[in-house]
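First chain A sits with chain B, and in the next complex the same chain sits with chain C.
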Partner chain A sequence: MEIGTNDYRVWTEGSTIHYEGTMRLSGTDAYAPILEIMNAVLAEKPELITLDLSGLEFLNSSGINLLAKFTIEIRKQPDVGVRVLGSKAIPWQSKSLKNLQRLHPALELTIS
Partner chain B sequence: MLEEFGNTAVSNGENATRFSLKLMAEPLELSWHHCGVTSDFIGDYFSRACARDVDPVDARHSISYMINEILENAVKFRHGGDIEIESSLENNSFEIQIRNRIAPQTAEGFREHLTGLLARDPGELLLERIEENALNPDASGSGLGILTLMNDYEAKLGWSFVSGRVSEGVELTTHAALRLS
Partner chain C sequence: MSVQEVTSEPAAKQDPPRIGRFSRHSFRAKFILVVSAAVLFDLMLAGGVAIWNVQRLSKDATEKVGTGLTRATEEYLQTYIDTTALRTDLLLDQVFSEVEALGGSMQTLIDNPETGTEVGLTVENDPKLGDKLVFNPDAGWSQNSPGESVVSVWGYLLDDEGNPTPEVQAQIADSSAFNLIAPGMMKTGAPKLQMYYVGPKDKPIMRTTPYTDQAQTFDKLYPGHNEDNFWDFFFPGVYEGWQAWIADPEARPVPRDIVGTAPYIDAITGAQIVSFFYPLWTADRSDVAGMTAVDITLDQLSSLVENVKIAETGFGFLTSSAGNVLAVSEAGAETLGLVSVGGEGQGVTGFNRFLKQSRFPAVATLELPHNTGTVIDDITLREKEREDGEEYIVVLKELAPINLWDGENIVAENLTLGFMVAKDEIYAPLTAVQQQLSEATQRIVYWQIAALLVSLLIVTVAVYAISGRITNGLSRLAAAARALQNKDYSVRVDIPTRDEVAAVGLAFNRMAEEISYHTENLENLVEERTSKLETANREIVALNNRLKSENLRLGAELDVAKRIQEMVLPRRSELEGIPQIEIAGFMEPADEVGGDYYDVLFDGDHIKVGIGDVTGHGLESGVLMLMVQSVARALQEKGDKDPVAFLDVLNRAVYKNITRTRSDKHLTLAFVDYYDGRVTLSGQHEEVLIIRANGETERIDTMDLGFPVGLEADISAFVATQELDFGPEDILILHTDGITEAENDAGEFFGLDRLSQSAHDNREKSAKAIAEAVINDVKSHIADHKVFDDITLVVLKHR
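Up next is the complex of A and B:
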């Protein structure tokens, strides 16, 4: 599955969801198609879901809300693990991704 | 009448590097897209003007994130009219004022929201707000912009409301300051 514009791309490979580019969509409704792709991965109940954000240069606060909302959905399913991959070269990730771990302490966060 | 909330003090002085911009309501048809390009432009401008001990990648991103979030709110809630941006940098302190008009009832709701917000710890409020958003899939806004700025970016924020005639709406100035490192 893949969705995108000139600014960003989101696609799945098995239970890994990749994000790339700059996402500044205008609110919950605008992010809904992306959440749909993410929920489709969760519906398969894999052992581990990986969110690969290492190519996501910019995310606005509505997008942070999308990641947080999905983290809460995963939290409801104790058999599904989650790993988040980020990059030290992208400042927002070191600043904001720790909030996901506060929501769901079992979330594995690697910023390298 | 003037009402102020949070940190509205301006500390950058005469020797600051300054940049001002007015986004005209006509004939540009101000839209969502202008938030991103404007904030990236100002972030890039000041990341080149900051001192050697400042990480320019972090400065560029933090300035851009901060302006984008405030501009998104300005575009979303504005009651016609232009959006004015005044920014400055001095001694690694970046300051910005973003001015736009909002409807009186929008101002009333926002003042109430700010009173509640400023009384609490932003980190706790951020998590609470996220949990609430997850329970309300129909809510259109996330309300996380201000909270992420305060908690994740340690930005100092303030708001001044100037109201005169009801028909003219309320002039809202959002003040934001960021220590670059």
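Up next is the complex of A and C:
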């Protein structure tokens, strides 16, 4: 599965979801197709879902809301592990991704 | 019914005129015309080219044949005249040789006087060959009796008794060898009239063979000759001429001793003759010693010339350089228009037939060639003052020169041989060939034209026959179309061929079927379509209305959101009323109103400044912000001074409301509490910037001071506080990500560093001025680039 425009690209490889580029979509509705992809991965109930954000240069507040809501959904399913990959070079990640871990302490956060 | 009548009337008026099958407007007629014209053009072109070529061929052939025949004719004439000239020269040469032979023998006797005398005496004593002179007392001359030859001794050479004087007698004896030689020569060789000998001027006895009564004839023809010297009487000037040659051999006009005479009537035979003389010399070559001579009739020369026969009536003629025609046939003389004039003169009688006296000017003005070889010329024989005339070719050739006695002196003479032939005779074969060529050409042209006409006839008939079949389909189509026009929709055409017309027929049948179907079903069709269109229209109107209301709703929502955002912001007057801290707030919503929030709550002691950012845009974000503001205000009014509890209660209230409204939004929210020179930070938001009075800058990360509000039911575990001194002239700056993430055209963020620098640069100014300066920097960074998010800045400066 893959969704994208000139600005960003989101695609899945097994239970890994990759994010790339600049996401500045205007609200929850606009992020719905991306959430769909993510939920589809979750529906498979894999052992570990990996969110690879290391290529995502920018994410607006609605996008962060999306990640938070998805984390809460995963939290509801204790059998499903989650791992988030970020990059130190991208300022918003080191700041905002911590909140995901706070939402779901079992979440494995790697910012390298 | 009435409607049908009205519509059918104009249709009938526009009905095209019916075209008969054989009308000149019919397709068939045009087809025949075009094909016939094409064939006619083709045939005319091909025929014309053929005829032109035949004509050219004929012309070329005629020219070639003409040139060839003309050249052949000229060559023939040239060869013929050359041959004839050669024969003439040969004939004369033969005569000359014989007279030279006779003269040569006589000269030998003169050069050897003793032997000569002895030979003479021997001959004289011969009973048969010896001269037996008989004196004629009546005539006064002496002549021998008939024999092989005759010798005449004139009166002035005799003594009183009629006997020759001794000198004369000796002369007679010395020359009697003539009797021995001449008769034999006379009988052999070229045909000659006579050969004779004349003695020297003082003893001009005359010997002639064969025997004639020459003295009697002279007496009759030339009275007085017996008294006068023979030479002076008959040939004045000849003797003197020869005498002149002795002194100067170069004086001979032609380097040969022979001298000829002009033609004259022979005194003895009465025939037209020419004489050739050969002079004899004394033994010591000091004087003339008489001559030998030969007469030939002109007929012998003429027979050569007259035997010339070219074509039907072509003839030859021989003329002297003076234009006196010496030899020509009677018919030739007539053709040349010659007039014979008897000549009067001393001695021998000549005759004249001069070219210049011809009846025809062309002949009279004929120029004889001299040292120019053969001349071929065209002349027209026409009498004076007459238009008609016959064309002749005249060929002239000069013969080898001879010495001529002209009656007074010896001069050079060139005889000229001439040929005359009528052009139409000589060119008769050419004319015949040309005639035949012309006839053949004519025949070919006639046949060509006939073939052309027959081809045209055949093609026309064939085209007529075929055109019927070709245009049959079209005629049927036209008829069917006319029937269709007259509203007979049942008409169909049947075209058996497999060409385009048949294809058109098929298409026509299909169209006729469709027309028939549509005509019959038109009303149903129109009704069906109309109802479909109406349905579609209704749907469109409904959709349009929905769109309008949706737009209206969206527009209204935005307006409300904007209004709420503005309404909730603290008033300037409120801010100015705060004693310890100077506070300046700035907020600029993006096009689609964002969810930025800031507030300043002051209850007399405590100042609480809040800043937040609701996710998303629009009315929902605005309402959430309003909720946050209301709860915060309520808690402040209640006097809740514990920042952690404050945030916890606020989160719970908001979380529950969000759950109830099924909104999926949340917000970041941080508070700054000021009291008595100290600030307490709580809640998670962007970094807080503090610029101390001494210029030092501090950045305080708020990530560990709280958690997004409205995301979790209980966030108390995450909320913490941080206390900091905030003394006079210290500056504290709060912002939303609209400032740090403001992009320029290159996609570069404004960033915290620039914000920090900008604030630091302006730290001496008032809070309001700092805010303005920073916003200016942000805007100049963005320039013309799109503003994505609300921009909010709050500056606190300790008074």
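Going forward, the second predicted complex is superposed on the first by the 112 of 112 C-alpha atoms of A that agree within 3 Å, B and C clash if a C-alpha of one lies under 4 Å from a C-alpha of the other, contacts with A are read in each partner's own complex, and residues count from 1 in each chain.
Following the convention adopted for this analysis, contacts are C-beta pairs under 8 Å (C-beta built on N, C-alpha and C of every residue); 3 or more make two chains touch, one makes a residue touch a chain.
Worth saying up front: this structure is predicted, and the values here are computed from it rather than measured.
In the superposition on chain A, A:Ile111 makes contact with neither chain B nor chain C.
Of the two partner chains placed around the shared chain by superposition, chain B and chain C are both touched by A:Ser26. In the superposed model, A:Ser61 makes contact with both chain B and chain C.
Look at A:Ile37: by the touch rule set out above, it reaches neither chain B nor chain C. Of the two partner chains placed by superposition, only chain B is touched by A:Ala89; chain C is not. Counting the residues of chain A touched by each of chain B and chain C gives the higher count for B. When both complexes are overlaid on chain A, the residue A:Leu103 reaches chain B and chain C alike. When both complexes are aligned on chain A by C-alpha atoms, chain A residues 24, 26-28, 58, 60-62, 64-65, 68-69, 72, 95, 99, 102-103 touch chain B in the first and chain C in the second.
Across the complex, chain C is touched by residues 24, 26-28, 58, 60-62, 64-65, 68-69, 72, 95, 98-99, 102-103 of chain A. Chain C contributes residues 592, 595, 613-618, 664-666, 668, 684, 701, 703, 707-708, 711-712, 718, 737, 741, 788-789 to its touches with chain A in the complex.
The touching residues of chain A, counted against chain B in their complex, run 22, 24, 26-29, 58, 60-62, 64-65, 68-69, 72-73, 89-92, 95-96, 99, 102-103.
In the complex of the two chains, the chain B residues touching chain A come out as 32, 35-36, 57-58, 61-62, 64-65, 68-69, 72, 76, 126-127, 130-131, 133-134, 137, 139-142, 144-145, 147-148, 151-153.
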